[in-house]
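We just call them A, B and C in the order they show up, numbering each chain from 1.
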Amino acid sequence: MSAVANTARAERPVTIGTVRSSNSGRLSWLVPTIYIVLLMLPIYWLVNMSFKTNTEITGVFSLWPEAPTLRNYEVIFSDPSWYMGYVNSIIYVVLNTVISITAALPAAYAFSRYRFLGDKHMFFWLLTNRMAPPAVFALPFFQLYSSLGLIDTHIAVAIAHCLFNVPLAVWILEGFISGVPREIDETAYIDGYSFPKFFVKIFMPLIASGIGVAAFFCFMFSWVELLIARTLTTTDAKPITAIMTRTVSAAGMDWGVLAAAGALTIIPGALVIYFVRNYIAKGFALGRV
Amino acid sequence: MNKTWNNKAWFMVLPVFLLVAISAIIPLMTVVNYSVQDTFGNNEFFWNGTDWFVDTLTSERFHAALVRNLSFSLIILAIEIPLGIGISLTIPKKGWGVSVCLVLMALPLLIPWNVVGTIWQVFGRVDIGLLGHTLAALGLDYNYVQDPIDAWATVVAMDVWHWTSLVALLCYAGLSAIPDAYYQAAKIDGASRWAVFRYIQLPKMKRVLTIAVLLRFMDSFMIYTEPFVVTGGGPGNSTTFLSIDLVKMAIGQFDLGPAAAMSIIYFLIILLLSWIFYTVMTNSEGAN
Amino acid sequence: MARITLDHIAHSYKANPQKPTDYALREVHHVWNDGGAYALLGPSGCGKTTLLNIISGLLTPSKGRLLFGDKDVTRLPTEARNIAQVFQFPVIYDTMTVHDNLAFPLRNRGIPESEVERAVKETAEMIGLTAMLKKRAKGLTADEKQKISLGRGVVRSDVNAILFDEPLTVIDPHMKWMLRSQLKHLHKRVGHTMIYVTHDQTEALSFADKVVVMYEGEVVQIGTPADLFEKPKHTFVGYFIGSPGMNVLPAKVAGDKASVGEHEIALRAPYAELSGKTELGIRPEFVKLVHGNDGVPVKVSAVEDIGRYRIVRTRLGAHEVNAVLPEGTPVPAEPRAVFDTSRLNVYLDSHLVEARQ
């Protein structure tokens, strides 16, 4: 095989390579399948347990409930101190998501479109809060909200979670907003829109998927957090996650109810993922998590 | 992009600034305040200088927890990053499999962290858990409640179970941003599967990988809830990470001064290490 | 290098094509010479990319066979076809130097390093990248990156064909011209079979020995640039090539006379009886505007001055007739259009018909 510079145009032999056979195509589904099965096993075990009686859980080792029972779920749905935990969690998670997105939208727009005094420092400072260990803030939060008289309210948890969710929302939204050409803003001004009207009527629909992704992550991080939520609540706003830990330590080992309570906490997350599944990859693709 | 200079934009940032300032600056000031004072109760505080910082930095308890944290972060990064990359390469590119894979893989990410702990606490128990029971049935002497090594293995397995999907999803997003022409060109150039990975996929994933490493490092370094639920920091102190120790100190023993000093050092370590990671990962790009 | 035979190839993206319009590429049967420079020209959606993908191996045609030389490659994957391709957007290996980019296809094939060095040096010199060999490919400009893509093809002396998929899309206008002439020069030097897909007639006409004009999934004409200009085989070719395109006038043809509305136009020879939609085609370059009694009367609607010549837009009844006048030629007050009879083509259902001899 000599290289290059063939000026002659005589017909030369045709070179055809051999085909490398690849079996990776046929078996490519195997790895994700095994991985997903491994991911699902612990979850399955929890769900499995939630349908068993305590005697079956501790007595016999069975891969599926031999005497399926709904007793564990009945315990939760008949006792307000249990089921109000879900209501409390959902209230402060939704509150937090709404507050985070509402505050982050104009800020993200400002960061994306304008330069102003201290903008870069501000942006960096916001992001450092994402790196703050909740353990560091638990105690000061408790004191702060005590002095404000907000302990054991939903709003306290919602605002406390803003510490890590607002920077995240600003970061995600800034990425999406930068993807919208500036000309659109300018055209709208020329058409005589006031800024708030332009923002709500024209701009927000344009970045709807960005808002969806940001809301998803706010929901996620507020929903999974325990330490701060537990510290700031005592009874009235206590999240389900905190109720679970209390029950584990106090009520001995009611494994069935614990499993049922745990299984129920997976449902809201699963629903949220299902609804935003098409946006997840997009939001990740922006590299803004 | 050429942005226009406009200081009025500050008004748009103000709500965010106030929200985060309330949640960050005031508590941080409290922490700093405690860190330089001592108390004998009755809300009487007096100046203690930098003693708490010196105490913390020289305390063996702190060193041990720091080493545990660093080892934990390194172990889970060493497992989750390559595994996540590997899995992302096998997620289908189109068809119904995409949604199924994405939804199922993302599921562990949306489970409250203490429930993740509970799931593994149950899963790993020798008497009632599938994992513990199976390992025992295989004749392995596994008990995460008593054996520090087993406890570590359980906590690491739990973290890998919990977070590898995040790395995989991030990488998957990076991969789907590669135009088909690159793969076509690689075929034409006779590139092997490895060469495609090394020279096309890996370079294009660099940005998302930086984010994945940073996020996983920060979050694993702050880990609290999951190991606390599973092992409570034990057996002994073998899984007592910085966060667990800190909460024990602040809320359990109410040693506010030392806890505050430790908080600040802890926070600074995360900032410093994150900054180093970030600089190294972004600079290696320019250096080659 | 190879002769490429498109043996009754057709392709449909539908699983079960019924009517001709189901085909993205209607049946083509043609042999392309070894070492030729071919351009696939047509508007977007005309099937040129489909045809290119069939040649590159990205698609397997629904019908027909593809031969490189005498070997049937219809079902071979891209990597086994030994071709090279330059894509619309530059594809380079970011992390490698220019040198390693060029060496990549050779190293992958296990060619001894001394041979690789020689080939890379020679290629770099040919495409004018010698000075940049040590640079990282990432920081280069778009046109330099496209040259690297081209270089990765040229560096292998034995490729059967080099394919170009609108390679100048992202190149600055002033660089386009340079790259085009360099490419033409390179083709003369290396003599590979080259296939160039574009929707830009200037690119196609300046690059190719033979232009393959495609329209609605059909190859409507394959010919030299001169053929396409003088004897467009399809009204689309006449209209698509040239600026402005060929005038097409609906007409009735009887013997050696054609009539457009009430006006009669002489043809160069008698035609057989034609049933269907008949049209006359005449290039604006062959329309003269005169004063007097010759030709047919037209009304001038606009005059565009393009520098070296003027385009005069006129109307003959309801139909538009464009004429190209050399600079300085006056437009008569009551103009009549005279068509150069030897350049007047007759079309039946859009396809050229020859006169009876």
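The definition used in the following text is that a contact is a pair of C-beta atoms (placed from the backbone, for glycine too) under 8 Å apart; a residue touches a chain by one contact, two chains touch by 3 or more.
In this text, all values refer to a predicted model and were calculated from it rather than measured experimentally.
**Student:** Could you find the chain whose CA centre sits the greatest distance from that of chain C?
**Tutor:** B
**Student:** Closest chain to the overall C-alpha centroid, by per-chain C-alpha centroid: which is it?
**Tutor:** A
**Student:** For chain B and chain C, let me know how many angstrom lie between their CA-based centres, rounded off.
**Tutor:** That gives a centre separation of 57 Å.
**Student:** Go ahead and note the Å separation of the Cα centroids belonging to chain A and chain B.
**Tutor:** Chain A and chain B have C-alpha centres separated by 15 Å.
**Student:** Centroid from C-alpha atoms only, then distance chain A to chain C, rounded to Å. What do you get?
**Tutor:** 52
**Student:** Give the residues of chain B that touch two or more other chains, as numbers and ranges in rising order.
**Tutor:** Within chain B, residues 190 contact more than one other chain.
**Student:** What parts of chain C, by residue number, touch at least two of the other chains?
**Tutor:** Residues 77, 79, 109.
**Student:** Touching at least two other chains at once: which residues of chain A meet that condition?
**Tutor:** 17, in rising order.
**Student:** Show which residues of chain C lie in contact with chain B when the two form their complex.
**Tutor:** It is residues 56, 58, 77-79, 83-85, 87-89, 91, 93-96, 104-105, 108-109, 136, 149, 152-153 of chain C that touch chain B.
**Student:** Can you name the residues of chain B that touch chain A in the complex?
**Tutor:** Answer in residue numbers: 1, 3-10, 12-13, 15-17, 19-20, 22-24, 26-28, 30-31, 86-87, 90-92, 97, 99, 101-115, 118-120, 122-123, 127-131, 133, 161, 165-166, 169-170, 172-174, 176-177, 190, 193, 207-208, 211, 215, 218, 221-222, 224-225, 229, 242-244, 246-247, 250-251, 256, 259, 263-264, 266-267, 270-271, 274.
**Student:** Going by the contact rule at the top, pick out the chain A residues touching chain B in the complex.
**Tutor:** 17, 22, 24, 28-32, 35-36, 38-43, 45-46, 49, 57-58, 61, 63, 99, 102-104, 106-107, 109-111, 113-117, 119, 122, 126, 128-141, 143-144, 159-160, 162-163, 166-167, 170, 178, 182, 220, 223-227, 231, 240-241, 244-245, 248, 255, 258-259, 262, 265-266, 268-270, 272-274, 277-278, 280-282, 284-285, 287, 289
**Student:** Inside the complex, what are the residues of chain B that reach chain C?
**Tutor:** Residues 179, 181-182, 184-185, 187-192, 195, 199-200, 203-204, 288 of chain B touch chain C in their complex.
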